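One chain, chain A, appears in both complexes that follow, with chain B as partner in the first and chain C in the second.
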Partner chain A sequence: MSALGGGSSGGEGINPTASLIALVIVLIAVAVVFLVYPAATVPLIGVIIGGVLISFGVHFVPVGGAPAAMGQAPGIATGVAMLAAGGGLAGLFGGAWAAEFGIAISLAAGAIGGGLLMAITCLMVNVVYVFAMGIPAASGKVYKDPITGDVFPPYKSQGTEGHGLPFISYVGGVLGGLFGGMGGTLIYYELLQVYEEALPSFLGATTEGLTILAVSLAGIFAVGMFLVAAVLTAYNITGTIEGPHDPKFKRWPRAVIGSSAASAVCGLFAILLVVI
Partner chain B sequence: MEEILFGIGISALAGALATVAGAAEDTESDIGSQGDPNSQVQLAPQMGYVHRIFNKAVSGEPPAYGLWVALAAGVAWALMAIQFNAILALVIGSAVAVFVQGVYATTAYLGRTASLAKFEQPVYIDILKSVTSVTMAHAFVAIFATVTMCFLMIEALGHPFPLPLMGIVWGIALGAAGSATGNPFYGKERQYQKYPFGAGLPISASGDIVRYAEAGQRSSLDNGWFTSKGAGPASGICFGLIVFFELWRTILFEPFAAGWGAVIAGVVLIIIFMVIDRFVETWARKTYGPYTEEAAPEEEAAA
Partner chain C sequence: MSVKIEASEGGMPHDKMLGIGVVGALVCLYIVYLNSLMSTDVFAFFGGLAAVIALWWGTDSIKTLCSYGLGTGVPSAGMISLGSGVIAFLFATKLAGISPLLVPLGCIIIAAIIGAILGFISDKVLNMNIPVMTRMIAELTIVGSLTMLGFTAMISGSFIFTDLIAGSVSFLGMVVTSYAASVIGGCILATIFMLGAIAIQHPFNACLGPNESWDRTQMCALECGFLSMLVVAVMSVAFLSLFAVVISFVISIILWGWSYSEYIKLSKRDAYAWLDSKPIREVGGE
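Moving on, here comes the complex of A and B:
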């Protein structure tokens, strides 16, 4: 129990009433778009899937927060939403660059962009821990690494919950970057399709002059929605997470349901902006 | 061919700018104490350890740098729209952003430190005068290098994003890379320098940060001196590698397999970095060995 009388952890169960409300919000958003501008229905569903991918991906990212900065807990020493945003937005950069090649390559490029940022960042975190601080990687949540089989308790220094990035956390970081980059790119790509189609009739100008406006709007909405989904997920994680092997990882369905509702509402406004 | 060579040259230049930006960003955040280790700077007076360390972590590094770089990019973009010289526009944009960073640093230090008044932590005006300008100088280097890199990506490489949006994206990525790589070195190695090397900090020691230097009390400027030898370059290499490989793989391999070439190159790069990471991890386990012998009977038998 915490000082406020609530549970000490966020819990893992799914609230059926809240989930039902989230589902209703998603359905209402899709119905409104279908009635107002039917061509944007599929893009809105794409935006919702993008939000879900981001939310799911953030759970993989090993984030240790402040304790990790003192070698007191494993993970990367920064905030959940912050790190995921860094990876996801680097993915968005790559995905937007490849948008001319079509949705498949754009999504793949976005995923790889996010994964590459996380792969390099996680490597440099371990390099600093090992070569600058002399500390080997050790998880505090599991006895041994599910991938490599390395045993952790002997390598955990006294009075800490572990430190550094064990290989499972490294893989989790890369997977988180892949999902985040893909989700952010999907939101950007779908909104770009809507804007490129709707802006010329909405503003009464040629498509060529409006390309930069469409790219800017889609880009800034993608960044904004990315942060909505990532921050919402950070609340679900409550603090730190080590990666896919962490017991907190099991909470992902709740964040995914919440993010789908948030993405649906954000996507609805992003689409209504140009069609009303 | 010439186009590809030009692209690779621009990638290298952007990578070099990113390296400088990463190193300056981390040093700035360590001098100003903006990363996660600042939790200890905030905690220390509450545990009875009054200190003279700067304290400006009212925001994480990624959103802060997202704001500053986007601000610099926005001002530069507006000036270029009215036919200003590009270099001049980038310099003026960065200068405006640094002014905002200075206001942020000042108000953050005053606000955070004043909140510790009940624990008898004074607000030192001389710290405000001496440290703020140094963080601003480092922030200028980080912001100017990043916004110039963004400008190159758009003008020379043809990325579709406008400059301010590019500033947000790479500003947040810069803060994420810098804080992830640099924070442990500043937190464990510098703030807790008196604790043994080669081990994490026991949770019970939280708040007991080093407060004295060779002569007198430790200043945040000393922290910048220390972290610029480890965390700064590491953050620079991290951000530089990210930017360089992101551009390099796209420019060199995108023409292959109808665009899939860049994706395949990215996958190969990720696997290579993964192998290097595994090597670093096993090297540490072998070289440093376990902390406790009873939990590792095979080591005991070998001895």
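Moving on, here comes the complex of A and C:
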């Protein structure tokens, strides 16, 4: 689904030199934070883990793009960035409400929020596919559904890559929402801890009303980093993916490496904000 | 290695647009700083102009990037642009603690660093192998941060961190400083974020195709930019004097009206045929 009809370009395999450089970037970011503001080292590692969770989770989400809208490919008929933003931000908002109850409840709320949004989306997508477009759910990439064992070829229309949203893709979508929502919430939660601790000292003011400032800053940074990690993953997938059974799913290690470096750099600047 | 497909023939070279974008946005942002020097806020609308100039340049960057098969939609480039731009922008506003004059220039430099790293990751680590990727992602991050900086300056009349976090509310005749009534505390940034993201991801996404022409896409970029500027002008009621808001609003609406009519003209020019459909008429009873 390229914009101008050019072939999608994502090659297979891992580029070892570049991956090593990416890991060095992660280490440098952690080292810089450790030197200038040691209290934020653990939060930065949390932010990196959050970015990794987002990018791993996005691989589960069945993204169909424009072909899916025409019933020619399986998946949800929109782009990776939009789906990840929807699922992840729903989770982020859910987790942000629960931030005062501690990290465990906050992460759980974020995961449930993201998973719930994806579950509802996948259900309604299938309702539209089956009852409005009149197409059965069938994948073109595998012979039978790994979970239910249903076979696909008898239901697949000729000339398509499959259509609808098979059960495995539904499960993948919900898992993707869980991971994405949890990752977004983790980034938000860790940044919130840093800001709530550091803002009163560098503003030299009372803590009155500073919470709202910390929430706003952490929220907008979490949204920004979430989108960065999600779009980098979208570039890794290059367009469409059916879920965990798709061969493209095996590309996740390099997205995880890339997203960890990206989250480390973005997290470094977000934390340095309170240092300078 | 992917094959490049020429999006449109002719038009201004990309390097020239980059120059105009950077210099134009910087000049407009420094004019906003006159607000602080002259204790006024009438120059706030120059922030919006800076954002629109950056968006105009960013549209061409997206076009150059998407001339290669990205594999995913054009809007993703807009989302990464603003997503990384907001980080560079917020960090740059803190540089005002050293010198306020550092903010616009620092914004560009920090965005370039973040963008170059993100571009390297997508090009090499994710094996996209697109020759212009590193440069274009870096450019898009700069565009995203300049858009945020410009619109923020337009809303509050300042781009200094301490001004952005402190608002004032009038309570029983007393003016009290309140963090909740500020640009950052009130989370106006989230609205600016989406206004900028829509303005940068829409133009090329709307105009792409075999019949895409440079001037029509760029006019669509200006139209989207001025439309966002119009909304920002309305939102600035909360922070600026009424006189400054009226100036911002009138300038935005005039520029938006001009760019919209120009865009419709260019669309008619490029269209094979044009049917001016009238509103649906009630035919029953006649």
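The rule we apply is simple: the second predicted complex is superposed on the first by the 265 of 276 C-alpha atoms of A that agree within 3 Å, B and C clash if a C-alpha of one lies under 4 Å from a C-alpha of the other, contacts with A are read in each partner's own complex, and residues count from 1 in each chain.
Methods note: a residue touches a chain if its C-beta (ideal position, glycine included) is under 8 Å from a C-beta of that chain, and two chains touch if they have at least 3 such contacts.
All values derive from a computational prediction rather than experimental measurement.
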When chain B and chain C are modelled together on chain A, clash or fit: clash
Partner chain in contact with A:V228 - chain B first, chain C second, else both or neither: second
Which of chain B and chain C A:I112 touches, first, second, both or neither: first
Partner contacting more residues of chain A (chain B vs chain C): B
Partner chain in contact with A:F101 - chain B first, chain C second, else both or neither: first
Partner chain in contact with A:A132 - chain B first, chain C second, else both or neither: first
Chain B versus chain C as contact partner of A:L123, first or second or both or neither: first
Partner chain(s) touched by A:A85 [first = chain B, second = chain C, both, neither]: both
Chain B collision site on chain C, chosen from 168-176, 204-212 or 240-248, when both complexes are overlaid on chain A: 204-212
Interface residues of chain A shared between complexes with chain B and chain C: 65, 79, 82, 85, 212, 216, 219-220, 223
Residues of chain C defined as touching chain A within the complex: 1-5, 7, 66-77, 79-80, 82-88, 90-91, 94-95, 97-98, 110, 114, 117-118, 120-122, 124-130, 165, 178-180, 182, 184-187, 189-190, 193, 205, 208
Chain B to chain A touching residues, read off their complex: 35-37, 39-40, 60-63, 159-162, 165-166, 168-170, 172-173, 175-177, 179-189, 191-192, 197-206, 230-231, 234-235, 237-238, 241-242, 245-246, 249-250, 254, 258-260, 262-263, 266-267, 269-270, 273-274, 276-278, 280-281, 283-285, 288, 290-292, 295-296
Complex contact set, residues of chain A against chain C: 1-15, 17-19, 21-22, 25, 65, 79-82, 85, 203, 209-210, 212-213, 216-217, 219-221, 223-228, 230-232, 234-239, 254-255, 257-258, 261-262, 265-266, 269-270, 272-273, 276
Chain B partner contacts - residues on chain A that touch it in the complex: 65-72, 76-79, 82-83, 85-87, 89-90, 92-94, 96-99, 101-102, 105, 108-109, 112-113, 115-117, 119-137, 148, 150-151, 153-167, 170-171, 174, 211-212, 215-216, 219-220, 223
